[in-house]
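Multiple structures follow.
In the two complexes below, chain A is the common chain; its partner is chain B in one and chain C in the other.
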Partner chain A sequence: MNPELTSLLDRVRELAEDLDFTAVRAWKDEGTDRKAVGHMPIYVPRELIHACGMLPVGVLGAGDRLEIIRGDAYFQSYICHIPRSTIELALTGRLDVLDGMLFPSICDVIRNLSGMWRMLFPERYVRYVDVPQNFSSEVGGTFWRRELEQLWNDLAKLAGRAGGDDELRSSIAIYNENRREIRELYEARSREPWVYPASELYLVVRAGNVLPPEEHTLLLRRYRDLAAQEPGRHEQDLSRVVVVGTFCEQPPLGLLLTLERAGCSIVDDDLLLGLRWLTEEVPEDGDPLDRLTAAYLTSSCETASVYQPEGRRGGWLVESVQHNRAEGVIFCAPSFCDPALLEQPMLVEALAAEGIPHTQFKYSENTGQFAVIREQAGTFSDSIRLWSEA
Partner chain B sequence: MSGNGQLFTVGVDVGSSAVKTAVVRMPTEGGEEVLALRTDRIRRRDLRKVIAEAYPLALSQAGIEAGQVAYAASTGEGELVDFRRGHFYGMTTHARGAVFLDARVRAVLDVGALHARAMRIDSRSKVLGYRMTSQCASGSGQFLENVARYLGVSLEEVGTLSCSARSPEAVSSICAVLAETDVINMVSRGIATADILKGIHQSMAGRYVKLLRAIGAAEAHVLITGGLAADAGLAEAMRESAGGDGLGMTIHTHPDSIYAGALGAALWGGFRHRVLERRAAAAANREAP
Partner chain C sequence: MLLQKEMIAGHYRALANAAEEGRKVVYTFVPGNLTELMRSFDVLPLLPEINALQSGMRKLSGGYISEAEKQGHSEDVCTYVKCDIGMLKKGNVGPTGEKLPEPDLLLLSYTGCFTFMKWFELLRQEYDCPVAMLHVPYQADGLIHDHHRDYIVEQLETEVIPKLEQVTGRRFDEDRLRERLALSVQAEDDLVWVLESAKNVPSPIDAYFGGVYYIGPMFTAFRGTQEGVDYYRTLRAEIEERLAQGRGPITPHGEVERERYRLVMEGPPNWTSFRDFWQMFSDEGAVVVASSYTKVGGLYDRGFRHDPGRPLATLAEYCFMINSVKSCNSFSVGQLLMLRQLEERTGVPGGFIESDLVDPRYFSAANIKNRIESYLQMLEQKRGAA
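On to the complex of A and B.
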């Protein structure tokens, strides 16, 4: 492997595994009075944080690298793993680097986590980002515009400086470029999945949670170039699958590797949705808050935590299968993830109507044994390649 | 690929103790022919290197060159097979290889170094159900290899010795650690090596027959595949255990049973090559004016 690619991949792996947020600390140390604002997975308008001169930091739990000692005391056993590892990170001081924390409305558990945060860390800025579930401009639009304005004012106060419309327009342009680069990487992966293994692509995209967007965009671009030049990444006849259910609690890297080793090429997924939530560019002119409001209403991706009118659920998944020429879908949801698991029957129904094969299993961010998943993914992969035309 | 629509395909079965490679010629009209089979023991060597070295040797044995190979497929721990075009899961390849070796097979017992897996299959080699041994190592080839080492016999001698046993000594069938302790005690008690080996085979066979019964293969034609398929003592113990159970299953081995995974991978590779060719031709037709 090209040494530059090796070193790039080593770096993004370190960033993913670093529970002390060293990169964020380093960024803060590079200037005076620099601040960082954390947020849980799924959508928050990172542009607002960036425009105030602060660093948006995606907090994705602790994966399989932290023993949960105090976090379990806050959640019942039938709750997913990410809130307890996030609490553990905070109680062990690892999130002290964050000057504020945003909790988007993913599910009740994350909403309650925002309440715990307020009680545990009263001195820090905490906000529950209540994204609208009504997508009409009169109702959802008016509400979301007001929320954004409030958040914008709060962040300006936290930063100690008022971000102006020009700064926000500039941040919108920077994030447009970042999302465009991620989209292009996903498209390239869909065309040639053997060039961009999911286990690499995931880490490269994930780095955007802790790096400034400008730096992350360059990293994405460099990875795409280097991977494309890598000799030996020849076309392979593996099963093209879409992985669904991974939008919040992240699967361990070993799980993605297991799917690949079992003969699956992941050609689309819902990993790290927050970094690519808006599927189209936000206009860089006009009133930036109006533009962000409209973008949320018209360009949000579809996922379990977003309201869909009756009968529409699953349409995006069928479209993804068709667009990416996938041969099957793997439902890969975290244990006790209400949004993912409650949505699954509706998605299955949509796939069944189109005759698209699927399989399902559950994981936890700290799952360490993948033998059963490998067995299941391997047999699924073979069944769609060998028996679909039988 | 060669002329007349026939294909050359390669299957590489990467196990935990050996790499098995098969080269197959697949004429359009059927009647596949095995051109080469080879086993390379890993013996703590760099696995990627073992695979890379075995490939040209297998091709040379088959009398073909790499450029003629239409599809090289991996199975087992296949991610280190750099030249592969596709990968198939071990269960699928053992099933296909078993039916290729013996068309009457309706259940397969794949006994590898680290686990054993029983599969019920149909005449097309489609897997209808399966069960694996648990994580306990006493049901595996690695355990048998360890015991052979304690007893100072080579793996090749194990089967013959076991078949010559007169008074098999029962061992623990639950735990590899306890079973190994049993073996050490037996040696110190002066139990004959053949009787110890037979006892171990009986213990393993009992577990495998239970697996086969659990998947509904009570009356099936069973083929043993994987590394331990060459162990005549195990096959004999299986036959005794199946018969003693009052089941109608018949236990079989084949001289090439240990290559079932590699053969299955090569055969499925040929199948996929033709599917992809058909698709490409259909797409070209659609695009033609």
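On to the complex of A and C.
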């Protein structure tokens, strides 16, 4: 492997595994009075944080890298894993680097976690980001615009400097570019998945949680170039699959590797969805808050946490299968994940109507045993290939 | 209790006869319900959570949940949803044995329970009817901001009312709504009086197990009706009498003659073993004098936990117990922190038990009884030491 690619992959792996947020600390140390604002997975308008000169930091729990000692005391056994590892990170001081924390509306657990945060860390800025579930511009849009104004004012106070419209437009442009780069990488992966294995692509995209977007965009671009030039990445006889259910608590990297080793080539997924939430570019002119408001209403991706006013659920998944020429779907949801698991029967129905094969299993971010998953995914992959040949 | 049972049974009969009588049926949820508005359109509300809990009390929920799980619903998710889906898949025969009508409208009051949203998306796949979504924003700072109120009003005006008009063929009549609301106020005043009667020692009511019967009509279909007003008037008169006689709460197993413990309860009850669960407390002379569950359908009172005149420190007079249910993350996430905070602030130890709403597999009677008894014994020892 090209040493530069090796080094790039080493770096993104380190970033993913670093529970001390060293990169964020380093960024803060590079300037005076620099601040960072954390956010849980899925959508927060990171442009607002960026435009105030602060660093948005995606907090994705602690994966399989941290023994939970104190966090378990805050959650019953039937609650998913990400809140307990996030609390553990905070109680052990690892999140002290964050000057504020945003909790997007993913589910009841993350919402209540925002309340717990207020109680546990009363000196820190905390906000629950309650996105509208009404998508009319006059109704949901008016509400969301007011929420964004409040958030914008709060962030300006936290930053100690108000971001102006020009700064916000500039941040919108920077994030447009970042999302565009991620989209293009996904498209490239869909065309040639053997060039961009999911286990690599995932880490490269994930780095966007801790790096400034400008730097992350360059990293994405460089990875794409380097991977494309890498000799020896030839087309393989693997089953093309879409992985669904991974939008919040992230699977351990070992699980993605296991799927690949089991003969599955991931051609689309909902990993790290927050980094690519808006499916279209936000116009870079006009009133930037209006633009962000409209973007949420009209360009949000479809996922379990967002209400769908009309039609049957799962149309996006069928489209993804068709667009990416996938042969099957792997439902891979965290245990006790209400949105993913409540959504699943509706998605299964949508796939069944189209005769698209699927399989399902659950994981936890700290799952360490993959033998059963490997066997199941391997059987699924084999069955797809056998079935396709028949 | 008997009157309440009759009212609920009567409502299920009305639902069963809705098609014959040409009445429209709206499925909706308890929290944030718009009963007065629905009644002003003369539609019948049907509440899937109530179906589920009634099925739980009648020992039907286990079969329904198994049916839903067989059809691919995860064992990890809310059992109310699975009970409802299972019931639907088995013919939609309601808890009283009468077939339930299909909805003419799904009124999705999304008030902070994420599961509600998915629940009605699931039902929408089963029924050919419109859905009206009402998103009530979360009050993270405990305040209702102007734009929250505006958002709700706008949704009522542009989403909920037009769909009720469409389904019923009637125009919205604000005067009818006013009349309904006036009836609600009368009933609410009496309900608040009843719930606050628990401040007396001994308490004439149990504000959790008994409270379920007291809030039943208010949180289901009877707000804004004369029947509701009459029910609460009768209930209040009954409790006034008990209070005057210095009597404790009545339970299915008799009267609590000696109030030994006054508990504040957090979390919903278990329904599959409701009476046994209640007896575990009443046998020990443990009376619940306030509960969060009896506020899920509306904060009609500024009761014990929210009354600024009775600061949190007064909790020290009481004991605090959580029934954590597997189904409900809205309730569950944060309960352990709440328990710690209450212990720290009041010095009173809290009790913690775990069960579920309507899945009988998660009610372990021996374990729960053991935990309740241990907790109460510990309180007794602390009293002795004091």
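Basically, the second predicted complex is superposed on the first by the 386 of 390 C-alpha atoms of A that agree within 3 Å, B and C clash if a C-alpha of one lies under 4 Å from a C-alpha of the other, contacts with A are read in each partner's own complex, and residues count from 1 in each chain.
Note that in this section a contact is a pair of C-beta atoms (placed from the backbone, for glycine too) under 8 Å apart; a residue touches a chain by one contact, two chains touch by 3 or more.
A quick note: this is a predicted structure, and the numbers were derived from the prediction, not measured.
Colleague: Overlay done on chain A, so just call it for chain B and chain C: clash or fit.
Modeller: With chain A aligned, chain B clears chain C, so fit.
Colleague: Once the shared chain is lined up, is A:R261 touching chain B (first), chain C (second), both, or neither of them?
Modeller: The answer is first: A:R261 touches chain B but not chain C.
Colleague: Give me the angle at the C-alpha centre of chain A between the C-alpha centres of chain B and chain C, rounded to the nearest 10 degrees.
Modeller: The three centres form an angle at chain A of 100 degrees.
Colleague: State whether A:D382 touches chain B only (first), chain C only (second), both chains, or neither.
Modeller: Once the two structures are laid over each other on A, A:D382 reaches chain B alone.
Colleague: Now for A:D237: first (chain B), second (chain C), both, or neither, which partner does it touch?
Modeller: In the superposed model, A:D237 contacts chain B only, not chain C.
Colleague: Contacts for A:A73 in the overlay, against chain B (first) and chain C (second): which applies, first, second, both or neither?
Modeller: second
Colleague: Using the superposition on chain A described above, determine whether A:R206 touches chain B (first), chain C (second), both, or neither.
Modeller: Touch partners of A:R206: none, neither chain B nor chain C.
Colleague: Given the superposition on chain A, which partner contacts more residues in chain A: chain B or chain C?
Modeller: C
Colleague: So, A:P309: does it touch chain B (first), chain C (second), both, or neither?
Modeller: After superposition on chain A, A:P309 lies in contact with chain C alone.
Colleague: So after superposition, what is the minimum Cα distance from chain B to chain C, given in Å?
Modeller: Chain B and chain C, overlaid via chain A, are at closest 20 Å apart by C-alpha.
Colleague: What part of chain A is shared between its chain B contacts and its chain C contacts?
Modeller: Touching chain B and chain C on chain A: no residues.
Colleague: Quick check on the complex: what are the chain C residues that touch chain A?
Modeller: Against chain A, the touching part of chain C is residues 71-74, 76-78, 81, 110, 112-115, 117-119, 121-122, 124-125, 131, 133, 135, 137-138, 140, 145, 147-148, 150-151, 154-155, 158-159, 324, 326, 329-330, 332-337, 341, 354.
Colleague: Could you list, by residue number, the parts of chain B that touch chain A in their complex?
Modeller: 71, 77-79, 82, 84-92, 124, 126-127, 132, 268, 271-272, 275-276
Colleague: Which of the residues in chain A end up touching chain B in this complex?
Modeller: Spelled out, the residues of chain A in touch with chain B are 232, 234-238, 260-263, 375, 378-379, 381-382, 385-387, 389-390.
Colleague: Note which residues of chain A are touching chain C in the complex, please.
Modeller: 73-76, 78-79, 83, 105, 107-109, 111-116, 118-120, 127-128, 130, 132-134, 136, 138-140, 142-143, 146-147, 304-305, 307-309, 312-313, 335-339, 341-346, 348-349, 362
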